[in-house]
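Common to both upcoming complexes is chain A, partnered first by chain B, then by chain C.
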Partner chain A sequence: MSTRALRLSLLGATVIVIAIIGPFLPAKWMTTITYAQIFAIYAMGWDILSGMTGQISFGHIFFVAVSGYTTGLLNLYLRWPIWATILLGVAMAVLAGLMFSVPALRLRGPYFSLITLILPLATARLVIILADWTGGELGKFGVAALCPFLDYKANQYCNYYALWALMTGVGLLLIWLSTSRIGKILEAIRENEEAVEAAGINVAKYKIFAFAVSACVVGLGGAFSVHVNESVFFNSLLSLTTSIEMIVASVIGGMGTIVGALWGGFLVRGGEELIREVAHWKLPIGAEGLALSFVERWATFIFFTLLIVLLFVARQGLLPLLTGFFRRGKKRYAS
Partner chain B sequence: MALLRVENVRKSFGGLMAVKDVSFRVEPGEIVGLIGPNGAGKSTVFNLIMGTLKPDRGRIFFKSQEITHWPTYKIVDAGIARVFQIAQYFPRKTVYENVEIAAIPNEIFIRAPDPAPKTLQSCARTGLCEHSPNEDRCICREELPGMLPQGGLRRLELARAIGTDPELLLLDEPFAGLSSGEVDEISHLIASLRDEGQTIILVDHNMRGVMRLADRIVVLCFGEKIAEGTPEEVARNPQVQEAYLAGGGF
Partner chain C sequence: MDQALIIAERIVIYSVLMSALYALVALGFTLIFGVARVLNLAYGAFLMVGAYTAWFAQQHLRWDLYSAFVLAVAVCTLLGIVFYHGIVRHVQRSSIATLIATLACALIIEELIKIFFTTNTQLLAPFISGSIEIHKTTVITNRIIAFGASWLAIILFWLFVHRARWGRVILATAQDHEGAALVGIDVKKVYTLTWAISGALAGIAGVFFASWVKIDPFMWRDPLIISFAIVVVGGLGSLKGSIVAAYLIGLLEVLMTYSPSIRVCFSFRCFEFLGSSWVGVSSLLVLIAILFIKPQGLFSGRTE
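Here is the complex of A and B:
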């Protein structure tokens, strides 16, 4: 099986499971998975740039903010329809990605990463300075909803499946791209930039392209998140933790594999919640209360400890662990 | 008309002048040996031709086009390819995938032809085939480059270089680190490329290998060109002999 076929089947299996379990989920979990799907889109977007080319960005939340604030504020103040503001938000994110990629390309390794970290920090200050319009740290409510139903349950289903469709579409597209000849070059850039250039490939052009695609995907996720939340919310649009978690998701799942980043995204967003859930399982009387309070308090800590252990066991990530990293493709023949 | 013209090229690193006003020409179809003791500036000349380094002064022409300030990929597209002194490869890609990169076009938004036939051609040309049950077929190696011996890595780089369809091939110390058997094989391979009309510049500090292959030799010493001529002329040149004795002999 080719890499593309393998990744597409794994993506297919994953999204089918998510589509099927939807109606059986308790309301709380439905919300968790809805947000996990947004985060999985971020993680896949991060993966196509940083996972594939090895240029680690710490600041991808910046693209969430650019797109999110654009769509949210335009919708809020000018009452433009959400399809228009989402498109504009994504376009702004791509533009920001292109503008940023040019100076960023001159930098490598830790210098590149540091610069990417400064972007969301600077943007956060800007948002606070312009608090009259942006709502600052408190955010602004009243943005049009993605799903305008009156019924709460209907809205929940609509959000869940709308983001499911978006995530599936993004996943298909990015897997196709990552296993195309463009993906091969991005991977080669990660391994040896000089050798790629020596093969007659304009490395800068490919990096800028990856930047644009990455910003577009992350921006798309950001724009949708605003309309799911029905607010522009500082802590979700400019959270550095989310920015770092994108890296964690991709690394845990397997960098540059896209499906791995999607899995990692669900693990990161669902894992902690799952540990809390376990704490509520029926335990022998007496032990129950004790375990509950302990796990409740320590859930985040336990979760991250488990992630570290996982990284020790599978340094290349979950997907490569499952498929065997150095799997051989089919032999090619020539006459 | 000369294929490559290097005119009065100069490059300093801080206070050290690595290449001092060097000029030479390469005619189509010839193998030019670029020799000199360690530190003579041979690799720097290659880096200047390939655009990896920019000269402080002087100009470089390829097929009458000035390429002095072009980026590397554009120079490669124009028809110059190089084989590095220290093998540059993709450690987590198979031999096939390493060679394949050269067959992928530098355009994002076009429908590109299948790179497989080209890749296999390059593999077959440089002897990177596995033993196949069917003798007239080449199965490009699927192992990782780390498994190859030094001679195999040199073949890998040659395969990637000729995959870009170069009119001029720059070989930087292709015999360095090879066993004597491998030297013969690679030397044979280079000779067969020449016989097909491939123009080559061959850098080596060891004169023996170059003498056998080169039509003409340019000698560098401390960044300056001190001699140019046929291998016999150069070997008889007292200045060259002195430079080599001072620099540790042939």
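Here is the complex of A and C:
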């Protein structure tokens, strides 16, 4: 099976499962999966740039912020319709990506990572300075909802499947892209940039392209998240933790595989919710409150410790691990 | 006119004092990068550990600040060694894994501190309280001590690297670790020593940074950004560049505090352009600008 067919079928299987389980989920988990889908879009967007080219960005939340704030504030103040604000938000994210990519191309390795880490920090300060418009750390409410239904349940379904469609579309597109000639060149850049350059390929052009696609995808997720939340919220649009979780998701799933990033996204968000769920289980009287606070307090700690363990034992990630296992098994059969 | 002169004087004094601390903060960070080529994103968290250790010894164990200071430096030195052998050594080969692992460690330390010491802001009692007046400018005595200690630490470090036997071994390893290994230097031992020194410097910087500003579980971000800014502006791994850059950035920050702000309004919504709310932003923007214009830093990236 070719890489493309394998990844596409894995993506297909995953999204079909998500589509089917939707109606059977309890309301809380439906919300979790809805947000996990947005996060999976971020993770895949991160993966197409950083996972493929090996230029690790710590600040992809910057694109979420650019697109999210553009979308939300346009809708809030100028009352633009949703489709227009999302379009413009994504356009702004792409523009920011392009503007950023040209100088960023001159930076290699750690320098690149440094500047991407600083970008969202600087943006966060600016958002606070402009608090009269942006609402600062408190955010602004009253952005138009993505789904027009009055019924809460209908809205929930609508959000779930709208984002499902978006995620599926983005996934298909990115897998196609990552296994096309462009994707191969991006991977080659990761392995040896000089060699690609020597082969007469314009490395800068491909990197800029990857930047634009990545910013577009992440921006799309950010714009939708604003309309799902019906607010511009500082902690979700500019959280450094989310930025790092994108990396985590991709590393868990397998960098540069797109499907891996999608799985990683669900594992991260689902895992967090699971920890919260476990914390709420019925426990002997008295122990309940204790266990609750204990698990919730240690959740992030456990999460990042697991990440480091993962870096030690399975740096290549889940998907390559599985396919490697599968291939080895097949070889054993053959011989 | 007289008033302007006083303010100018004040800006100079404050920025000279603050920049020394900044240079100290960046020192341990640039050391590790210069020698081991590792960007330690947990460096700010090291400072935080130093600050909390000193605070804990002072507030809960009722130690005086001098012993608390020694304890903090010892804890951070140990942390540096443990960190190197426990984590960095195993992921060092891949720079991506190193960045992720060190950043994850910073967040783990933040989380542990939140769990054990809550998110409340704490204050560290100063070495010597009170303030003195230098030519019409009131300066908190503790800041002068921080200034003196910073320069003392920097000079001692410089002497160690250039005069002491082990310091020169570190320098040789920084220049070419394979060459160093060839002439019989135990590179792993040198790295251990470097991490220990970096940890100790973080401990010293942490205590002074804490007594200068405040202590909370998020305090690691500022020193990390300052170190980034300084080290990038000065060129990664260059001590002289770092000090000059520290003074540039310190001056800029203090200038921002005193610069007049312009109130810009559109339809009843306003924001301040420049002024004290821009203190953190200005250095970030300068950093981004410099990275774009001259990615290698303003000074040569040669390890000194």
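Heads up, the rule we're going with is that the second predicted complex is superposed on the first by the 287 of 335 C-alpha atoms of A that agree within 3 Å, B and C clash if a C-alpha of one lies under 4 Å from a C-alpha of the other, contacts with A are read in each partner's own complex, and residues count from 1 in each chain.
In this text, a residue touches a chain if its C-beta (ideal position, glycine included) is under 8 Å from a C-beta of that chain, and two chains touch if they have at least 3 such contacts.
These numbers were taken from a predicted model, which means no experiment stands behind them.
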{"item": "Contacts of A:160 with chain B and chain C, given as first, second, both or neither", "value": "neither"}
{"item": "If touched residues of chain A are counted for chain B and for chain C, the larger one", "value": "C"}
{"item": "Touching partner for A:301 - first (chain B), second (chain C), both, neither", "value": "second"}
{"item": "Chain B versus chain C as contact partner of A:224, first or second or both or neither", "value": "neither"}
{"item": "Which superposed partner A:56 touches (first chain B, second chain C, both, neither)", "value": "second"}
{"item": "Partner chain(s) touched by A:39 [first = chain B, second = chain C, both, neither]", "value": "neither"}
{"item": "Which of chain B and chain C A:122 touches, first, second, both or neither", "value": "second"}
{"item": "Which superposed partner A:194 touches (first chain B, second chain C, both, neither)", "value": "first"}
{"item": "Which superposed partner A:206 touches (first chain B, second chain C, both, neither)", "value": "first"}
{"item": "Contacts of A:263 with chain B and chain C, given as first, second, both or neither", "value": "neither"}
{"item": "Chain B and chain C contact sites that coincide on chain A, given as residue numbers", "value": "none"}
{"item": "Of chain B, residues touching chain A in the complex", "value": "50, 71-74, 76-77, 81-82, 84, 88-94, 96-97, 100-102, 104, 106, 108, 112, 115-117, 119-121, 123-124, 132, 136-140, 142, 144, 160-161, 163-164"}
{"item": "Footprint of chain A on chain C - complex, ascending", "value": "39, 41, 87, 90-91, 94-97, 99-101, 103-105, 107-108, 111-112, 114-115, 221, 225, 228, 232, 236, 269-272, 277-278, 280-281, 284-285, 287-288, 291-292, 295"}
{"item": "Chain A residues touching chain B - in the complex, by the definition given at the top", "value": "181-182, 184-185, 187-188, 191-192, 194-203, 205-206, 209, 326, 328-329, 331-335"}
{"item": "Chain A residues within the chain C interface of the complex", "value": "54, 56, 58, 103, 106-107, 109-111, 113-115, 117-119, 121-122, 125-126, 128-133, 241, 244, 247-248, 251, 297-298, 300-301, 304-305, 307-308, 311-312, 315"}
